[in-house]
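Order as written gives the chain letters A, B and C; numbering starts at 1 within each chain.
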Amino acid sequence: MIGEFDLDDRLQDLVDRIVANYESDPRTRHIDRGYLPSYTELVRIIEMLLEVSFPGYFGRQNLSSKNVRYHVGDLLPRLAQALYMQTFRSLCHLNEIEGNYDPNGPPDQATPFDRRAREMAIEFLNKIPDVRDMLAFDVQAAYDGDPASANTDEVVLAYPGLLAITIQRYAHELYKMQVPLMPRTMSEWAHKETGIDIHPGARIGRSFFIDHGTGVVIGETTDIGDNVKIYQGVTLGALSFLKDERGRMVRGYKRHPTVRNSVTIYANAIILGGDTVIGEGATIGGSTFLTSSVPAGCTVTNSPPELTVRPPKARKPGQPVADFDI
Amino acid sequence: MIGEFDLDDRLQDLVDRIVANYESDPRTRHIDRGYLPSYTELVRIIEMLLEVSFPGYFGRQNLSSKNVRYHVGDLLPRLAQALYMQTFRSLCHLNEIEGNYDPNGPPDQATPFDRRAREMAIEFLNKIPDVRDMLAFDVQAAYDGDPASANTDEVVLAYPGLLAITIQRYAHELYKMQVPLMPRTMSEWAHKETGIDIHPGARIGRSFFIDHGTGVVIGETTDIGDNVKIYQGVTLGALSFLKDERGRMVRGYKRHPTVRNSVTIYANAIILGGDTVIGEGATIGGSTFLTSSVPAGCTVTNSPPELTVRPPKARKPGQPVADFDI
Amino acid sequence: MIGEFDLDDRLQDLVDRIVANYESDPRTRHIDRGYLPSYTELVRIIEMLLEVSFPGYFGRQNLSSKNVRYHVGDLLPRLAQALYMQTFRSLCHLNEIEGNYDPNGPPDQATPFDRRAREMAIEFLNKIPDVRDMLAFDVQAAYDGDPASANTDEVVLAYPGLLAITIQRYAHELYKMQVPLMPRTMSEWAHKETGIDIHPGARIGRSFFIDHGTGVVIGETTDIGDNVKIYQGVTLGALSFLKDERGRMVRGYKRHPTVRNSVTIYANAIILGGDTVIGEGATIGGSTFLTSSVPAGCTVTNSPPELTVRPPKARKPGQPVADFDI
């Protein structure tokens, strides 16, 4: 009958083959293992962070000085509970991988991770006011840096660059506290929403503005000063990856650039390397490719491209043509 | 107990600190203020616009000439109500910022914004047929411009470039009517969905096609003619920002390029400046960086890069290596 | 009354104008026609494919070797039913466009498409183990290729490049079976989520890794070998489009590059043309623009840009300035 489909006898064979396939490789299954953080819960945490950071803009509206204490007093315990639980799961997960925790062992094995998760949740919540202070400067930087912006409310409500740096500043706090898995998952959520990929490890100063932003990549060991402005498609990346004597990648050393105060980097510029320093007040032109340092106060552009200007070709009717020949 | 977390005594202190932090800076709080448009409602408006623009493709399926009048007659009042309400809120918001409206004042202060919002909603709805006429040409342009497209239904259902231009054409109508906040929020929704960032202010002719599209940026004062085709990563942007004698950015003058009829712009090209005019029928090659005008009918490419071709290096075993050296 | 809006007499006129507008152009309406696949159902299929491919990571958690057979036995029939139904609708849709099926004709006209859809669903489900084998190598390639990755679980949970290649590998199976519409819609879903646009037609070898990924475009007739690594903003595209003697685009011939085993392509490189072959082990530097082949084992970079380094200009106070002059 059209519309109904039954696998019948084939179901058992399919199940057998797929389950056998699960058994063949541990890298793509999470079976007979312990905790994983929940992506759904991480998204809830992000939403609550936005609500507590920009009160009245996200989540509950119509806040007044009369009701705002009740609102925060209601929101924080829910945020704390979710933070604690996902931090706990992330700690268990890492310790299981590293062989320090057996999810099938006695329950009190998890006690130290539970205690640490509670401490981390409190430590993180206490940082909210400081992060909010940074965000106020980021809002102002976006308004000042974009002639198309109408007012700071528009920046808070609609600018992807502000969303990306908001998530990054919180993820960076978790990163510094060495919470596993969660910071990267949060920054990948922001990447999905905005096209802006800032690693939680990057250190970013005050009054940071990314305009448009799609395609921006800022690597883990990047250092960025105050009053820096970056356009779409800019990469602050690694020049090369060291490998150890067994050919395995070396992790953790400084591989991404340092960008000093008051630098502007235009669209699609690529700046690579842990020793590359862009000096204070420098301006980096669009589509440049830089692997060495730039002195303070200088403007760097590509030499003007030698444009080849060709008049339109005569095309014989009836003959196949290419509409772009190089 | 594992799994439960109570902030206990710490809650009150945290609430106090966060509420005090709210009081310290007005740019990141919306407290004791009036209306803001609702993002959720703006997304609903977008969904209804897609449903009324491409009937049978989005939202309700199985439309026939027998039931389509009922469908539209049911959809339009809901769209009108949502448009009116969000326009009203946006007008109140702007006038509050500009000091013309006090949300805590007498209710009849809002009457002129209410009346204007009703007029704007009607004016906007009346433009739907004209916008749909433009969209039909955009659908055809995408089908004609992409050898990988199978039929025009596929274009309507799956092409991000069509989604971006659809939202932009409607946001542009709101922009011309000077509805505050909503046009930019709509275009940022499309930016999030497609990676294509077209400002609502851009004027775009008939039969416009953006292929792939991720990273495309088209600025507020861009003028684009008919039959223009643009690939991923293309920027039509500002060359420089004028500042007034107090160092503040000047807003509102023409800062983005003019692109005449039948121009094709390949991937990652950057074209900047309000005086830059790309002449009719010109072709702009990939990765070019243009800040001056191009005559009609010409093809512009970078001079072929001098490629440095290096054979593989001998690598001593046991020695750390970089896998990419420049 | 503020808050309520009634179109009154204007409703009928608006409905008349919009319905008349529907009648004027067939390209933007789907009225009095047959089946379309459901986007909502395609997203459900994608979610079920992720759940069956990475058990315990997506969808149901806490899987064990005791319960996993029941889980798969419950999931597969739901996946099979959705696959069959959307494949059936897609086949009817294509055959209606091609004039082989009249949705208002006798019901048994659809019987061959119904039968073919059942075969296709079975054929596709049988490929899941092989696709999963490929995905395990992709997971490893991401871990090995990114010094910032902590473990393979993080890759599965958070890496957009893995999500994009997962969807592409399944969409490619549907593409090879010539299922209409669905493969492209699936790959556009991945494009929306990740900014990575890989056509379902592309043939991609083992251990493929896209890092960051935003802006990557890989065209329909691209061939990619094993152990290839690609960074954000890379285009593997068409150099030109052949047109036939009536000026219509020729579809279906090889228009995109061939990339052999163990090639690395850095950010924003553009490689175009069906005859362009990147030889085994080659490295392509960032921002290069290539329309010709590269021999095996070579490193290709742009000649170092002649950077123009300009010291900061003296600016007279009170005079308008541009903050970026080229």
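The rule is simple: a residue touches a chain if its C-beta (ideal position, glycine included) is under 8 Å from a C-beta of that chain, and two chains touch if they have at least 3 such contacts.
All values derive from a computational prediction rather than experimental measurement.
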- What chains do chain A and chain B have as common neighbours? C
- Message: How big is the rotation relating chain B to chain C when the fit is done on Cα atoms? Please round to the nearest 5 degrees.
- Response: 120
- Query: Interface overlap for chain A and chain C, more than half of numbers shared or less than half: same or different?
  - Reply: different
- Between chain C and chain A, distance of the C-alpha-averaged centres to the nearest whole Å: 22
- Could you check chain B for residues that touch two or more other chains and list them? 195, 214-215, 233, 241, 250, 268, 272, 285, 287, 302, 323-326
- Message: Which residues of chain B touch chain C once you look at their complex with the stated criterion?
- Response: 52-57, 61, 63-65, 68-69, 72-73, 76-77, 80-81, 84-85, 88, 107, 110-111, 114, 118, 121-122, 125-126, 128-129, 132-133, 135-136, 139-140, 144-145, 147-148, 150-154, 156-160, 193-195, 212, 214-215, 231-233, 239-245, 250, 267-268, 272, 285-287, 291, 302, 305-312, 323-326
- Query: Across the complex, what residues on chain A touch chain C?
  - Reply: 2-7, 10-11, 14-15, 17-22, 24-25, 27-33, 36, 38-39, 93-94, 97, 180-181, 184-185, 188, 191-192, 195, 197, 199, 201, 214-215, 217, 219-220, 233, 235, 237-238, 241, 248-252, 255, 264, 266, 268, 270, 272, 281, 283, 285, 287-290, 294-295, 297-304, 317-326
